[in-house]
Amino acid sequence: MFNIALFGAGRIGQIHAANIAAHPETRLYSVVDPYQQGAQVLASRYGAELQSCAEAMADPNVDGVLIASATDTHADLIELAAKAGKAIFCEKPVHLDLARVRDCLTTVAACQVPLLVGFNRRYDPQFSRVKALLLAGKIGKPESLVITSRDPAPPPVNYINVSGGLFRDMTIHDFDMARFIMGEEPTSIYAQGSNIVDAAIGDAGDIDTAIVVMKFPSGAMATIINSRRSGYGYDQRLELHGSHGLLKVDNILAHQVHYYGNDTSQGPLPEHFFIQRYQAAYAAEWQHFVAVLRGECAPQSSGYDGERALYLADQALASLHSGTTIAL
Amino acid sequence: MFNIALFGAGRIGQIHAANIAAHPETRLYSVVDPYQQGAQVLASRYGAELQSCAEAMADPNVDGVLIASATDTHADLIELAAKAGKAIFCEKPVHLDLARVRDCLTTVAACQVPLLVGFNRRYDPQFSRVKALLLAGKIGKPESLVITSRDPAPPPVNYINVSGGLFRDMTIHDFDMARFIMGEEPTSIYAQGSNIVDAAIGDAGDIDTAIVVMKFPSGAMATIINSRRSGYGYDQRLELHGSHGLLKVDNILAHQVHYYGNDTSQGPLPEHFFIQRYQAAYAAEWQHFVAVLRGECAPQSSGYDGERALYLADQALASLHSGTTIAL
Amino acid sequence: MFNIALFGAGRIGQIHAANIAAHPETRLYSVVDPYQQGAQVLASRYGAELQSCAEAMADPNVDGVLIASATDTHADLIELAAKAGKAIFCEKPVHLDLARVRDCLTTVAACQVPLLVGFNRRYDPQFSRVKALLLAGKIGKPESLVITSRDPAPPPVNYINVSGGLFRDMTIHDFDMARFIMGEEPTSIYAQGSNIVDAAIGDAGDIDTAIVVMKFPSGAMATIINSRRSGYGYDQRLELHGSHGLLKVDNILAHQVHYYGNDTSQGPLPEHFFIQRYQAAYAAEWQHFVAVLRGECAPQSSGYDGERALYLADQALASLHSGTTIAL
Amino acid sequence: MFNIALFGAGRIGQIHAANIAAHPETRLYSVVDPYQQGAQVLASRYGAELQSCAEAMADPNVDGVLIASATDTHADLIELAAKAGKAIFCEKPVHLDLARVRDCLTTVAACQVPLLVGFNRRYDPQFSRVKALLLAGKIGKPESLVITSRDPAPPPVNYINVSGGLFRDMTIHDFDMARFIMGEEPTSIYAQGSNIVDAAIGDAGDIDTAIVVMKFPSGAMATIINSRRSGYGYDQRLELHGSHGLLKVDNILAHQVHYYGNDTSQGPLPEHFFIQRYQAAYAAEWQHFVAVLRGECAPQSSGYDGERALYLADQALASLHSGTTIAL
């Protein structure tokens, strides 16, 4: 049984807490959150302790940490945990500054602890099925990847202000997905964007709608289509076109009841947001981390993956500003 | 080039007229209809003559007749045409009285002319694909056939009065489809029905909603689900469950535009009625009849098929009245 | 926190154990199973005790029992639990003999304890959505209900021998669903069946393929289509056709990855069997039982529902043997 | 009745010939093609004459011309027809050289004859439904348009050599569709491309896979995804995401028969190529041109539309070569 200290008792922390508790080999040992009330509720639910950061890091009973706190605390907590010899599961991103990420990863490497960066979509049964079918040769050589990723509704502007911007906050998942699926590093990137959904986002200096085009050494290309607002749920689709066919991941729908009436048929919408859509992915991600804890494998989404995705986000921003293709 | 005399210039006659004219080997030679105005319009459109029944039958230029007139004229016209040596395409049914059908078919046999009874659905590309896949062994031995057939809206009561009732008018297509797909004759039949759609239909002594269950020598069963009113278009589906899988014909949809909004997605309805849904079937049916005219093959839907479907309709009615399974 | 004693540590007992443990208001208190090894594994997993039947019934800490043991023990255990004042959740059926069911329910009534019979499909989000939409007037008056229910593969014959036969074992869920959706009791029933899937089932005196037709006071009809073997997963569909439209529940699919190649597209199959397909239903069922435990409501699937479904199964068998419609 | 002279008896000419003949107000009057044998076959089929180009242009009986000959003859034929006072239907493109297009359109304008450029997709019932729903306010303001357009298989290299390249030959349809749907002119364009499908295409100096990104004055963006080879049929999809929802045009499928077996379900592929997929569009396009002939309206796809689409193709090529966004 592995004891886990959870940093952050918010929305995403609660998802992980449930998966930690449900897994037969892990226990939610402690909750660390400066917002004591939320920490207390979560801790009580699963019979966990409240700890301070220092207590958790120093506690020899803690086998691993799950960092789901505010973004700007990630790198510091990773370094503390690494020095304390804990296995680390950290929500993306490691940090919004690439140099800081690299420093942090150097520390992790020196301490020889495993670090899993929470690119949850890699563990989604749909996307990992695409990867497996590609590797099995089902569609030959990949030629064109199209990722559609739209949030149901834009976040509040105070979130935008600390998010690092669309590319570092939202597209970062798609950058990682493109690298994961294609299995090679892009050689160029181009980004175009717009502020058309919510004027307040533009006032904050960010865009809310974007298209990214990447080219890979094989000549294959990837397109990412993003919006901060779908209006119809969490739009999470992927198409991989290869030399021998197409693999297509449709949205997972909220139900399966269809109505046929005088004028139209009506059907379900996609699952509302990440909590619903990636429920299975979060559970599979935790299952994988338990295998990492057991020492059976290295994290499928590493610190290096986190660094590369952030690098692509930075370069996308550079392309957006210059209007040119950036060679990588 | 085969010259065709068309009996009946109504809705179904007009469909056939267009197919006759569009086929490179057939010409709409003449139109016969006591309602001269409708006949004239149709004849002008395709450069055809107006003829009386006697003229058409006696005209040596007429190679074949297409009978799309009122149901109660079918058997008489078939006999006249058979005696005149014409190839015959007759809309279903031959007659509503089984004894009359048998007499008529005896005449046809004696005259040695081909007779195609217009069970249009046999020629539908969807249903004939199911038949072909079954024959190719795709699903092994058939075990359970389910036919859903609902009209968009009930006909006027004066139509009901001359229709022969739901089983002889509407289900007759499904009886033929069941025999066509299963490739064996049912050994028993059961019918249950209801008047729930339109009280006027009940007042006319008919039902508007029905379920029929047939059993076949192999042990396979077929279920037919009928209604005079869908409310959402022409509901024409079929499922054939076999020892090695399922073949499923979904409705053909009126378009392919889907909307996703805040509360629901919206999509197309099935094609509205038989003219739209079976457009390809009518064209293929005519193409097959041209092959019959050329002497290349016998009709895939024969007079005997017409007789058997009517027989099943009669026995379904007997079951409805007795509440028992009728052995055939 | 309610303490639950679980009778039966088999496949279905394990599903319930997980739901009991995951619910914040219930605890898996004890496991009762003559097969001690299985009981031990399950008890260890959730920190529960092993108890004998007598111990559990006598234990004042036990608030409710969940009976998931062999079918022939259900009625006896229900009566013991009722006399011990426990709230009762019992897997269907109460018993295979209708008279025994009625005796048992009399005892339950006398003891004034709640009894929920585990018709899990009533709690399925898809089917309960249909019921809710019907009650909200979405499709007007119900006219025709079609339930398709096919297991992925036939059970072993030794299961068939103790199952009570297809109608009492498998169709019983569909009888309950028909009553649940229609909201009225059928006035007649007809059944037709066949042994075509597995000869061993026929040798055991049972059928493996069936069609049932029921008529309701309103004139509406219901059709149930059953097979012991789909070959493509758990086929669980429902269509409710009303005076103002159709509600259609499609299968829940095992994934959402589609392949398009040179000759065909390929897609997912339905979820494999009840454990996957009704995962959400089992969780919702338990949530409902917790509300019953809290005294907030009566069970939505009662002992009477269990009795009525068994009655319909018995009458279906009578119809199968007589070949006639049975008035109810 | 309008008499039409058809220039070009090839594949696309044959489609138009059938539509001309089937329309009650138009007659295929003559066929003009230097390849006399093909012209003769087509003329015989519809009872048309063979004419030389000069004869057709001089013939006062010819009301309109349909130009479906080789691309490099279009502009010359348009000018001849314009000077002869004929209404003109010309397949895209007018010419591959933009200056030549402009000269040609000047001549047409001077002669005051109508010119319809055959952007067939504008007349497709699916895409015109999207346009109509957008205009009706169904999805609010357009924000992101995604067009997927993949041919089933690459053309032979000798076709590539005279095609003008991917953008002018294939993407030109998508440029027109983007302008048609968005209802505004793009302000910038970016293109990325690859030769990955067929090395011979690269040897010919062309690409076979491309992604184009355009931005519009409103801030909306459009993405075009092209490939010369799908491998699974003619992939013709469109998504228009607006401030109040999404409109999505799926592929039209070749049939509606689905198979469910032990390991997978199988379904239809998209219609094979443009002849099948745009059958309804070609008929609607002709119907519209008849309204133009009647003087009821101007062409919905004009010479100017042809010019603008070619201009975008040229600018896409400039972007591909420079790696930068081109301001328009």
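As written, the chains take the letters A, B, C and D, and residue 1 is the first residue of each chain.
Basically, contacts are C-beta pairs under 8 Å (C-beta built on N, C-alpha and C of every residue); 3 or more make two chains touch, one makes a residue touch a chain.
For each chain, UniProt lists the protein as follows: A, B, C, D = Inositol 2-dehydrogenase.
Just so you know, these numbers come straight off a predicted model, no measurement behind them.
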- B-C or B-D: which has the larger count of contacting C-beta pairs? B-C
- Centre-to-centre on C-alpha atoms, which chain is most distant from subunit D? C
- Query: Where the centres are mean C-alpha positions, what is the separation of subunit A from subunit B, in Å?
  - Reply: 57
- Distance in whole angstrom between the CA centres of subunit B and subunit D is 39
- Note on the structure: Residue numbers in subunit C touching two or more further chains are 230-232, 244-246, 260-262
- For the subunit D and subunit A complex, residues of the former touching the latter: 141, 143-144, 146, 148, 150, 188, 190, 192, 194-197, 209, 211, 213, 215, 218-221, 223, 225, 227, 230-232, 235, 241, 243-246, 323-325
- Given the complex with subunit A, which residues does subunit B contribute to the contact? 230-233, 260-270
- Message: Can you tell me which positions in subunit D touch subunit B when the two form their complex?
- Response: 22, 24, 45, 125-126, 129-130, 133, 138-139, 244-252, 255-262
